[in-house]
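Heads up, the next two complexes both have chain A, just with different partners, chain B and then chain C.
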Partner chain A sequence: MDIIMQNLGYSFLQAFLLLAFAPLITGIIKKVKARLQNRIGSSIFQEYLDVYKWWRKPTILTPETSIIFIIAPFVYFATTFLAALMLPNLLGGKVAFGDVFVFVYILAIGRFFMALSSMDAATAFGGMGGSREIYISVLVEPAIMLAILSNLLRSGSTMLGNMAFDYTGVAFSVATVLTCIAFFAILIAENSRIPVDNPDTHLELTMIHECMLLEYSGRLLSLIHLTSMFKLAMFLVLFSMIYLPIELPLVLKVLLSAVSVSIIETLNNKMRLFKVPVYIATTMILLVLAIVAQ
Partner chain B sequence: MIKVKADALQGTANILNKNGNHALLAMFGADERATSGKLAIYCLFAHPDKRDVDILKAEFDKNEDSYESLTSVIPASAWYEREIFDMFGLKPKNHPDLRPLVLHENFPEGFHPLLKTEPVDKQIRGTREYEMAVSKGEGLFEVPVGPIHAGIIEPGHFRFSQAGESMLQLDAKLFFTHRGIEKAMEGKTPFEALAMAERICGACSIANTWSYCQAVEKIAGVTVPKKAEIIRTLLLEMERLYNHVGDLGNIPAGVGFSPAISLGNKLKELLMRCNEVVTGNRFLRGMLIPGGVKFDLTEEIVTQVLATLEDVEKGFLDLVQMMEEQDEFKDRIRTTGILRYSTAKDLAMVGVGARASGIKADSRKDFKYGIYDELDFALITKEVGDVEARIQVRIEETKETLKLVRQLIEKWRTTLDVQLICEVPLKAGQAWGVTESARGNNVHWITLDDNGKIDRIFIRSASYPNWPGVAIATNGDIIPDFPLINKSFELCYACIDR
Partner chain C sequence: MNLLLLALIIYCVGAITMLLPKKIELMAHYIAQACAIVASGLVLYKAAFYLLMPSEELLLDTGWGVYTLQADSWSAAFLCLTGLAGIVISIYAIDYAKAFLGKRLRILGGLWNVFLLSMVGVLLAGDAFTFLLTWELMAVSSFLLVNHESEKKETWSAAFQYLVMTHLGTAAIMIGFFIIASGADSLTFADLARSKISPVMQNIAFVAAFMGFALKAGLVPLHVWLPNAHPAAPTHVSALMSGVMLKIAVYGFGRFVFQFFNGFVEWQGILVLVIGLISAFLSVLYAIMEKDMKRILAYSSVENMGIIFSAIGTGMILMSIGYGRLAMVAFTGALVHSFNHSIMKALMFMASGAVMHATGSKNIEKMGGLIKYMPWTACFTLIGSMALAALPLTNGFVGEWLTLQGFATLATRADGHLLRLLAAAAFLLFGLTGALALGCFVRLYGTAFLGKSRSNIVEKAHEMPFFMLLGMGIETVLVVVLGFIPGPLVETLQGVISGGRFNTTMADNFGIIWGGTGSYAIFSPILLGSSLIVIFLVIYLAYKIGGSFVYQDVTWNCGTYPTERQQYTATGFSKPLRRAFSFLLKPKREAIYLRKENAYFGKQVQYKLAVPDQFTERLYAPFQKHLVMTASVLRKIQQGSVRLYIGYAMVALIIVLVWGAM
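Moving on, here comes the complex of A and B:
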């Protein structure tokens, strides 16, 4: 029992560390993007200031909203934090819990609540954002399942912790490279980045994730943005731990994948909304190939 | 000028329009009760063979305040008739959509600001109905956007009628910041009102000012010195250059294609700084005046322009290559926002928007002004009418314009004329002026009274006939494509908020 508590303690510590560094990772992505586009860009610490800025501002609620609107950001944060607890523990000991299926569906709960809240204020945009978000998540979910399955065959366990620790595959086998590419593509779709969604513009008509947040302000908005950055950081860490078949210290691997996100966002433009299924289908084909290759 | 009675307006206009082949350039009202005792409606039709304009004037007797609407025979007149109804109270009978256009719900009914009986400084507030046009039905919903947008752009309200992601109908409510420029210019001499003409729009300052000068010069019956014409033509092409390059760089913003956006912004900035070197103003203001130009260029300035051109051309070719090599970008722009040839013709659309749909119209070729007849450039048209076609028209026109600017600088260097300006006597008269701005032709109509003061000025910028076309081009596309379609037309709000 003590060991379980101790391991849980480590997991908490790791999750908090990740939360603390998440805005920095987003800041680095933004900075690299700006430099790649001949712009100077804001400081890599800007995201901390933004979160603080929204935190200080009052929250304005429209009279139409229900309790869902207020609890949704907390559910979003809580589920993301819970998912982060399941990451393979690097500080010591094994993770006490962390089945990948639980991981995926805990994240789904958060998304479900955000989609609910987007309809809560009854604006036309919010509903569209919610519908688009669900449309994409429906597509992404089976792809994540396949990515897991591909790893499952190797590690023989559905525990995220075991997956990372038992991962002894050759650095550049066909299967690992294919899975790596596919999971990265999923990561981009899941975290609303270009070419699936555009996190920068406020062209309200084309947004997906941001579209759902239009009615939020103040602390609730601050919490949502922090959670989104947290989720991105978590996915980058997960990607680096389990899917990136390169032998490097984890910090460098995370940085490498963050920079890759910037490069992909610079090289691509946003695709047609109805082309997203083709994009996801491509990743699924890669994953099927990866499974076959094993 | 053909003068008819109000009840003959529809029939005569239909003959002059030649099934849309002689495009309706402008249609506007005038309050001439002080001179002839009547209200009047003027229609200007292009006459491509004569390279001239047919003017039709319909006069209204004292008790007449309505006429048979032209919209059923000339669809392009729909907006003009709504504006005339707002401004003069002349009612088009059987108009399919006679909602207010310029005066929104914050004006009272029965207020017609351009009538001479309304003082220019009248403070007014009131209420009236302003309904947006929407589609109704099971599962349909409306998406309101604007008038305040998430960006530094001008106000405009768009109401989308949606079936899921598909746009069924789009109604645009514009004219939010109506400035009353036409009314404010009345009673001033053309020289006093010049600064206002220059500030109708930022992006087509030269085109508007030159159309204005043309009209004034025609009334005075003077011929502008050759050297002034060369400089004016050069300025107009420089204006087209910075607009086309800026617009091309802005289209990728609709799809988040950031390297192209950055490069486009950089090139536009280079050109605008070059503008400042030439006229002392980034929008090329302060150079044109009725009768000629205010000052000459110098060899030093010209060398600097040529050097900038060199840089910009290199960057521009990079930008073009970037857009052409990006498959995802091609995928977004192809077949998006198709505007059919027949629609563009019915609405008498102008400029890039019309030429991308196969309409062979360019005022630089269709009318005689400046020194365009001595220059070598091609009329660019495309057939498809989608976003890609509009991009291609802009790209090829930019290349033509780069050639033109060099030709013009050569002309300026070799011309033996030295005179820059001529005397413009102000007398009573009426005339039109037209120039091709980056967005299409800008038409001005000026009536001067016996004292040489402006009695009526009508300003029709290129964006005016094209806005209704944008709404139609969106039909059948999905709402995330709207920013892209809108940017591919890149119409101006200020031009219609005059």
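Moving on, here comes the complex of A and C:
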């Protein structure tokens, strides 16, 4: 029991550290992107200031909203944090929360509540965001499942701790490279980045994730933005640990993948909403090839 | 006397209440529901003892080989499910069915008992004859219940469609039974299990039985009756049909697969898996296009039956390729999901009944903002929606997790590309189904309960009377408790599957563990749930510290006041999916512009959209058309004239004589 509590403590500590560094990772992505576009860009610590700014501001609620609107950001944060607890523990010890299927479905709880909250304020844009979020998730989820299967065939396990590369065997093969590319594409779609979604746009018609948040303000908005950055950081860590077949220290791998996100965002435009199925289908073909290759 | 037989007698007493005089109609209704509750309670109580019994126990043996009743652990699992649903839905019906006062309420109460009696009868049947007899009773009583509001044309046609389809299913099951019985000494299940028939006959029996039970379970393409019949019935009947009657099909199929067939061939498992996966995916795709609340739930039932059958199929494949011990996870997943689905689907149907009771409509496009008028129902529906979207910490996830472990086991154990690609297809379709189910229930809940009310029918909405809330409340508590602590249920049902032969247990109070993929996989909802609560409390405290300043104001709407017509509709919500999957759905879209003098301003637009079921459109409708055409051609020789018929007899006689002479 003491061991379990100790390992649980480690998991909480690790998730908390990830939360603390999450705005920095987003800041780095933005800075690299700005430099690639020949701009100076804001400081890499700007995201901390933004979160703090929103945290101090008052919250305005639309009269139509119900309790769902208020609890949704909390559920979104709490489930994302819970998923982060399930990441392989670097500080030692394992806590048996659940396997990768539980991880995926835990994140779905957050999506369920955010999509509900988008319909709560009774506006056109909110519902549009919720509708598109569900649309993207329907496309992405099967690809995630195939990525899990591809990894399962390599590592023989669905526990996140055992799915990580240990570099004792051959890490670099056709299957791992294909899976790596495919999962990176999934990561971009899942975290609402260019080319699937544009997190920085100010035109509601082109937005997906941000569109759901239009009615949020103050502390609730701050919490949602923090969670989105947290989720991106978590996926980058997961990608680095489980899908990136290069032997490097984890911090460097995460930085490498963050820079890759910036480069892809610079090189691409946001694609049309109804082109996303083609993008995901390409991902799935890569994954099926990876599955057959093993 | 055995308590299960006593329960059957009490159901009969409840059924007789339909003969009471009309003056005491309400009293008859109370007696009928009380009988149903007591008898279901006895079934639940007694069946729990049979759950871990190694062999079957004869309850009634006439010695003739027919009219025997027996119970073993497989039927006990389904008896528990039936008893539980019987109690809770009857409690709900105490208040709900009062809406039928003066509209054949006595018949409704009596048939309710007959329906429960027939389902318990199917589960207790110890021979093929009793099975088919009670199966037929179940079909007829449920037909009469579906047809209760026969004044409505759509109810009437749905009921008759159901009657025709269910009899096709019964015929297929009968063929299955008789082929097996041709190699057996008598019709009792014990003798049928020792039946000796050739592999070819066994394959035919398998296909016939699978068709029959798949029809009752509503698997694609035999599902067309289900989304019509389930919504047409009074809501508590829909709850019992979706919650329990579909599971009786799982029971029957399991009875065939586990007891009558010794060993399977690989293709049989593949057939069941593929049909299950296609059913799950297509039906949830139709569910997200529907706007009738009960039809959404009916399609969702098909989806969940698809998941259950895909789990069974996975288990059968694992058994046929020599991993009998590992097949346990898939079969347990199927049984656990059957149990959990009966709880959550009953809850959601009862909730839809509450919404209909409050607003008088099933169309979610006319609702909106119901959470403010009926907070308790809204809370129960939210939890039910989460369960049907298979989110962890509700009971809906447990069975799906086990099914996924079954797929993972199949993927790692399969040798050869066919089975591996099949496992990949299973993962892919399962992912699609899960995400679509989530979207479907976000859409249902968001449109009906959140936002602004879309029409004035919402204004008269009110909270439900006590017994309806009690019924929904019990199921909600079960959904949450079985979601947090699934261990005991999984352990018990695993015992049912393995017959206590295996010593390894998959579950304890902390969670479930599965080692079939070569490594182990763990799901510990209690740890997840307690961590989630801690995180939630911490962040809520952080939110409250420093007194966040909150005030209310109208949404910025470019200078105009937002109206209820500007919010997203359910049809709009599913538009991107309708477009992405239009190659499967083939939606019929029609926009008519009625132009006046000014072509740009003040024009009227009529917009029609329909997403008809493609199986009805392309398979059943042409078949029906050709059937009617052939019949009308054949009618020409049926003129009703006696001389003509004598002529026919003459011609036939001459042909026979000539043939005989040759």
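We adopt the following convention: the second predicted complex is superposed on the first by the 287 of 294 C-alpha atoms of A that agree within 3 Å, B and C clash if a C-alpha of one lies under 4 Å from a C-alpha of the other, contacts with A are read in each partner's own complex, and residues count from 1 in each chain.
One rule holds in what follows: contacts are C-beta pairs under 8 Å (C-beta built on N, C-alpha and C of every residue); 3 or more make two chains touch, one makes a residue touch a chain.
In this text the structure is predicted, and so the values were computed from the model without any measurement.
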Q: Mind telling me which of the two, chain B or chain C, contacts the most residues of chain A?
A: C
Q) Thinking of the overlay built on chain A, is A:Phe74 touched by chain B (first), by chain C (second), by both, or by neither? A) second
Q: Scan A:Phe97 for contacts with chain B and chain C and give back first, second, both or neither.
A: second
Q | chain B versus chain C as contact partner of A:Thr266, first or second or both or neither | A | first
(Q) On the A-aligned overlay, A:Phe112 touches which partner chain: chain B = first, chain C = second, or both, or neither? (A) second
Q. Taking the superposition as given, does A:Lys275 touch the first partner, chain B, the second, chain C, both, or neither?
A. first
(Q) Between chain B and chain C, whom does A:Ser137 touch in the aligned arrangement: first, second, both, or neither? (A) second
Q) What is the contact status of A:Met128 with respect to chain B (first) and chain C (second): first, second, both, or neither? A) both
Q) What residues on chain A does chain C touch that chain B touches too? A) 124, 127-128, 273-274
Q: Would you mind writing out the residues of chain A in touch with chain B in their complex?
A: 33, 36-39, 124-125, 127-128, 194-195, 198, 200-206, 265-275
Q: Can you check the complex and tell me which residues of chain B touch chain A?
A: 141-145, 150-151, 162, 165, 252-259, 261-263, 266, 326, 328-329, 331-332, 478-483
Q: Enumerate the contact residues on chain A facing chain C in the complex.
A: 8, 58-64, 66-68, 74-75, 77-79, 81-82, 85, 95-99, 101-102, 105-106, 108-109, 111-112, 115-116, 118-124, 126-128, 130-132, 134-135, 137-146, 148-149, 152-153, 155-159, 162, 215, 218-219, 223, 273-274, 277, 284, 288, 291-292
Q. How about chain C: which of its residues touch chain A in the complex?
A. 368-369, 371-372, 382, 386, 389-393, 397, 401, 404-405, 408, 411-412, 417, 420-421, 423-424, 427-432, 434-436, 438-439, 441-443, 445-447, 449-452, 511, 513, 517-525, 527-528, 531-532, 535-536, 539-540, 543, 548-555, 557, 562, 564, 566-568, 572-577, 579-580
